[in-house]
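Each of the next two complexes has subunit A plus one other chain: subunit B in the first, subunit C in the second.
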Partner chain A sequence: MKYSNFVIFCLIFVAVSFFAAPLFCQRAGTTGAGSGTVPTAEEIIRRMQANEVHDTSYAEGRMLITDRFGTRTSTYKSWSGGTEDSLIEFTSAEEMGQKVLRTADAIYLYYPDASEVLRIQGSALRDSLLGSDISYEDMTGGRSLLDEYSVRLLGTEAIDGHQTYKVELTARNSRVAYPKQIIWVDTELYVTRRAHRFSLSDRLLKEMDILEVTTQNGKTYPTRIRLRDAMRSNTQTVMEISRLDIGVRLPANIFSLEELSW
Partner chain B sequence: MVVDCTGGLAARPANLPWRFLLQRSPGGVIFLAVLLVTSAGALAPLPLAAETALSVRLTASAGAIYDENPPAGVATSKGWNFAPGGLAELVVTSRGNSQVRGEVRLGVIPIGPTATVDLSRAWFKFRVPEPGLVVTAGKTRLGWGEGLVFNVADLVHGSTGTGINLVAEELRADATWLIAATLSLGQFAFLETVVKIDIPPSVIYPTVAPPTIDDLGAGARIRLPLGPVSAEAAYLWGNLKHSTSLTAQFALGINWFVSGRLDIPSPWATNQNVTGSVSAGLYDIFPLGQSDTSLSVRFESLVVPDQDPLLYSFGDLTLGWGGAHSLGLRSLVSPLGPSANWSVSYSWAGLQGLSLIFGVGGYAGASDTTFGWGRAPSVVGTPSPDFAFTTTARFVY
Partner chain C sequence: MKLLPLAARNIRRNVRRTILSATATAIATMTLMFLFAYIDGMKMDFSYVLSTFVSGHGRIRHAEYDDLEHLNPLHLRIVNYTQVIDYLKADPRVAGLSPRINLPAMFYQAGADEQTGVRAIGVDFVRETTGMNLENILVSGAIPAPGDRGVLVGTTLARELGLEVGDTVTLLSQTMRRDTNAVSFTLRGIIEFPVAGLNKGTMLLPLEGAQRLSRMGDSVSEILYRLQDPSDARQVAGEIEGLLAQQGFSTGDNPLSVKSWDQVDMIFSFMGMADLIYGIFGSVFFILASTVLINTTMMVINERTREIGTIGALGMLGSEIVRLFFLEALIIAVLGAFGGILLGAAIVVPLQIIGMDLSSATEGMEINISGLIYPQFNLVKTILVWFYAVVLTGLVALIPSRRASKILPVEALRYQG
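Moving on, here comes the complex of A and B:
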């Protein structure tokens, strides 16, 4: 049962982290409402996505899952390289040493008590990522949101005191997890401030809010992200980033079996 | 391996007073050593303490078990019995340094008014970045082969036993004293050599004789990606035989693995029969809907032509939802018997570090079959209940 609990926990973590993935490591925008020129919806998405990927990063943080029984906390460290590779190591007592390695064509789960590496390929886990907005294929296949969605600028709105572009995304095909999304992109920083995901019947499924962002060395990134399942009441997941180093030199061979079982 | 439907805690051996442990069992010495080590760790300067993680795992269980054929010399009697149990584990790990790590895991198992200790892990490892060498020493596990229950390619730990506890937290967690050197040959390729020594767990055999040369084993494995296939070849000499294995893991719609093994006796072995075995299986995880619900699926089979019965199967279906609930159905089947060991369990982990597990399980089949009702215990002197209802609470902090 512990094994299955770990799998479930990893699914939640991967879903949340992927949900928030486009928000990590975004750079400050150079134009926007302040420039006097309103960009097109395509430009907004392109500029936002241009900030999604960095060569390397290292992060530490925690995930807080709150439901009617209270809040459970898990802490982690993560390393990422380019669009394909990432390694997550859980550091909280309950999941100590458990790891998830993502590569271009597989996900590896490492469970230290059994010294077992579970290699998962071609699975629905990889394809849908539990309905998160950005699928694994999106992250690794180099496809843009603009390839999967047609976009339309609905206008501007203030979100928690921040001026944002409100952009509607409508799926071009059925491969994506959500047929429709609405995202609110900061007009100055090009950071997503809010995102809503809808079903085919236009029913709201997921809500994401950026609670805090931090600007460091000219780059702005979220440090607190809240995810809510609109289908369930009294539950939410908050991802907190306590440390994020961008462009760090990663240890050689970190995205490998050696590091996974280290 | 102990057959136990009570959460792994009811079928423990006879009482071992603390004084006996300290006087005659290496476990007592180990306990004192670990106590000293952990005490020293607590007194260490802050920078050292920051690299050390200390966690405690507390487990309590209670169950009602029915035993049709209890072994002689144990507390259980024919019919229904109450089976309480508990385990306290102290886990000290050093994880802060990227070049050296270690872990000590000490379990204390209450038995009546006394308790016994079990050192389930005691290892350290270090690595040399160039050329990518990792050296591991101590009591630990190596993940040879593939398979959760049936893994004929696990030449180090031999995880092909049919005497498993289906509601146990870990199906494969046995550790072995060993020294291993692992050389990285690429992102998903490595060569590993190992020397191991088999020491029966003192908790089951407290008066075991010291290990001899026959308890030593030595071998190597190489793991390589061959296109979409992750392949492993292994060899081990031990127990007066040469063992070789080949394993392939790949995805074909879902995830598959297959392993083959050949055991060739040495000229000094009493039994000169060459034996072979095959284990194979499939597994996957299927997210259900657009919330955190998933179905984990695993099926495995073991074929040993020289054994009777020659075929075993294992199945595991686990449904998880809400991030805290899981419902599992597990079964170990001897199709040619026919007989089965089965369990259904529900787990709730809704509070920080706390898990509650409710399980029911038992055996089905004729008494002369492998998993039959009323069969003889697979381990002499060990209770092997035919039906069990258990509740287990576990807290990790």
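Moving on, here comes the complex of A and C:
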């Protein structure tokens, strides 16, 4: 009797292992060309960010902001460095000289007619940039998603004819702007195709769709992005990047407050 | 038979009861008189606040602005405002003109997690020195000179923000294009608006500064005008709107609408109905007061049943008996009403001079009424209230009086009481 139980137990163990192993291997995953296995959620995010996040960059572009009263255009130049720092300077006539500086711990606004640099904090972070669908809060947070979120692969989905990995991101702490995000990453190019951002109660707050991508020097990145604030009606913002230089040499102290008000 | 002297003698037979009956009428009369005086004081104050700080006697705006006002539609502006002002200046009906820009803004405080929202109003300080009586309400500092990027702040707001004359004030606001802009100003003076709501949240900016902050160029949100005679403000508003269209200032691309002050603030229209409403309240008060008189008269009739029988047997007609008791009640009503207006005048006249301080009650309220109300004594209304009291109370007194005529002398003489 004793031996029968032992034998049965072994048989069950083998059977379970036999069927569970593929499941387990799929979760752990392996990458590598031609392996045919699905990458892990972490790998997807890592590869996506390798494409979209750069050590240094310089960009020029414009924002087309649409609301119930019509569409207006604002042009800008921007510089980014490391994972935290970026500077936007608006170059359209109406906003000429206006700047937004993002550093590790704060966002600062410079207006030519203001005698002081404005630090944005608290509830003011939820205000929109230039009245667009982008909030100052959207600009906060470290640029390494894996530091801020735990990730889970939900499966694959086709977006506008492109196969994508659908990845769910859940915040590890309350410091991030959005407790939950779902992003759709192109399975071939590892560039974001769509992103949805949610509140703690799972309410959709922001939608982002990538309308165009460009490949340059082996990196693929979005060049035309549509953002929509789900809490507002009849609005959208389209960001178009007309120029992107990666790995540029940035002026010294470009991300300092002194340079901001210069 | 002379009933009036008889009635006058009869009411002296029980002075305490007469006084009690008259007191109820007096209190109702005094109350109604005070209410009318108070509402007249409120109307006067409201008119002053509206015409000086809110809408003038009339307001000119882009025709679509009002419907979208909650969205702060700065792009719906008056682009040719200087020409409109120059044209209306020549109109003999117009006493003053004030171009303005209304800007919801945030006062930037370094280090604060929450920024304070303020109501920034861009004004022409030269015009508003007379228009808003700025010198009368200036508590400290000075009115900004032309070309100076100085602002004036309400006392409550200055206190809450810890601002003093000379401080830098940086305002962040939405612009005409619905993006944002910030401009720094210098606090030149602190003013005490008569309205608590204005003191709590208002900053006056120079018009050019507001245009710069909102990036509106040489345009304004509205033009307020004051009239020499505001009594026909609504008609004048319609005529001005027609004139602006005729002169080409109001076009299909840039339509302007003109509203009189009673069209701008609904409370002002309701105040016009206040007299009617209080008149209705008054009738309720007098009817209630009359119940005392009815009760008294019925008691008197009951007590004097044998007397009624006697005078009836002596030849007094039923109608004369009714008139007698009616006159008694009427005299009490007249005396009570007269006492009431004397009491009312004793309250209203001093208050008309010293005012009623309701600032603690109105603090935090967003209605355009100041905290100090001066009830207005009005002789015509006082006489009308007296007359109203006498008529209403007297009519009600007819009810028990008519009972007296139904008493048969034979039965009345047998009445044991």
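Just so it is clear, the second predicted complex is superposed on the first by the 177 of 262 C-alpha atoms of A that agree within 3 Å, B and C clash if a C-alpha of one lies under 4 Å from a C-alpha of the other, contacts with A are read in each partner's own complex, and residues count from 1 in each chain.
The rule is short, and it goes like this: a contact is a pair of C-beta atoms (placed from the backbone, for glycine too) under 8 Å apart; a residue touches a chain by one contact, two chains touch by 3 or more.
Please read these numbers as outputs of a predicted model, since none were measured by experiment.
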| item | value |
| --- | --- |
| Touching partner for A:261 - first (subunit B), second (subunit C), both, neither | first |
| First (subunit B), second (subunit C), both or neither touched by A:73 | first |
| Touched partner set for A:94, first subunit B, second subunit C, both or neither | both |
| Subunit A: partner with more touched residues, subunit B or subunit C | B |
| Which superposed partner A:231 touches (first subunit B, second subunit C, both, neither) | first |
| Subunit B versus subunit C as contact partner of A:118, first or second or both or neither | both |
| Where subunit A meets both subunit C and subunit B, residue numbers | 65, 67, 69, 72, 94, 113-116, 118-119, 121-124, 130-131 |
| For the subunit A and subunit C complex, residues of the former touching the latter | 65, 67-69, 72, 74, 94-95, 98, 109, 111, 113-116, 118-119, 121-124, 127, 130-131 |
| In the complex with subunit B, residue positions of subunit A that touch it | 1-5, 7-9, 11-12, 15, 65, 67, 69-73, 91, 93-94, 96-97, 103, 105-106, 113-125, 128-131, 177, 199, 205-206, 229, 231-232, 251-253, 255-258, 261-262 |
| Complex contact set, residues of subunit B against subunit A | 53, 55, 91, 93, 95, 98, 101, 125, 127, 129, 132, 134, 140-143, 148, 167, 169-173, 182, 184, 186-190, 223, 228, 230, 249-251, 253-255, 283-287, 289-292, 294, 296, 318, 320, 322-324, 326, 328, 345, 347, 349-353, 355, 357, 396-397 |
| Sites on subunit C touched by subunit A in the complex | 71, 73, 75, 106, 108, 110-115, 168, 170, 172, 174-175, 177-184, 212-213, 215 |
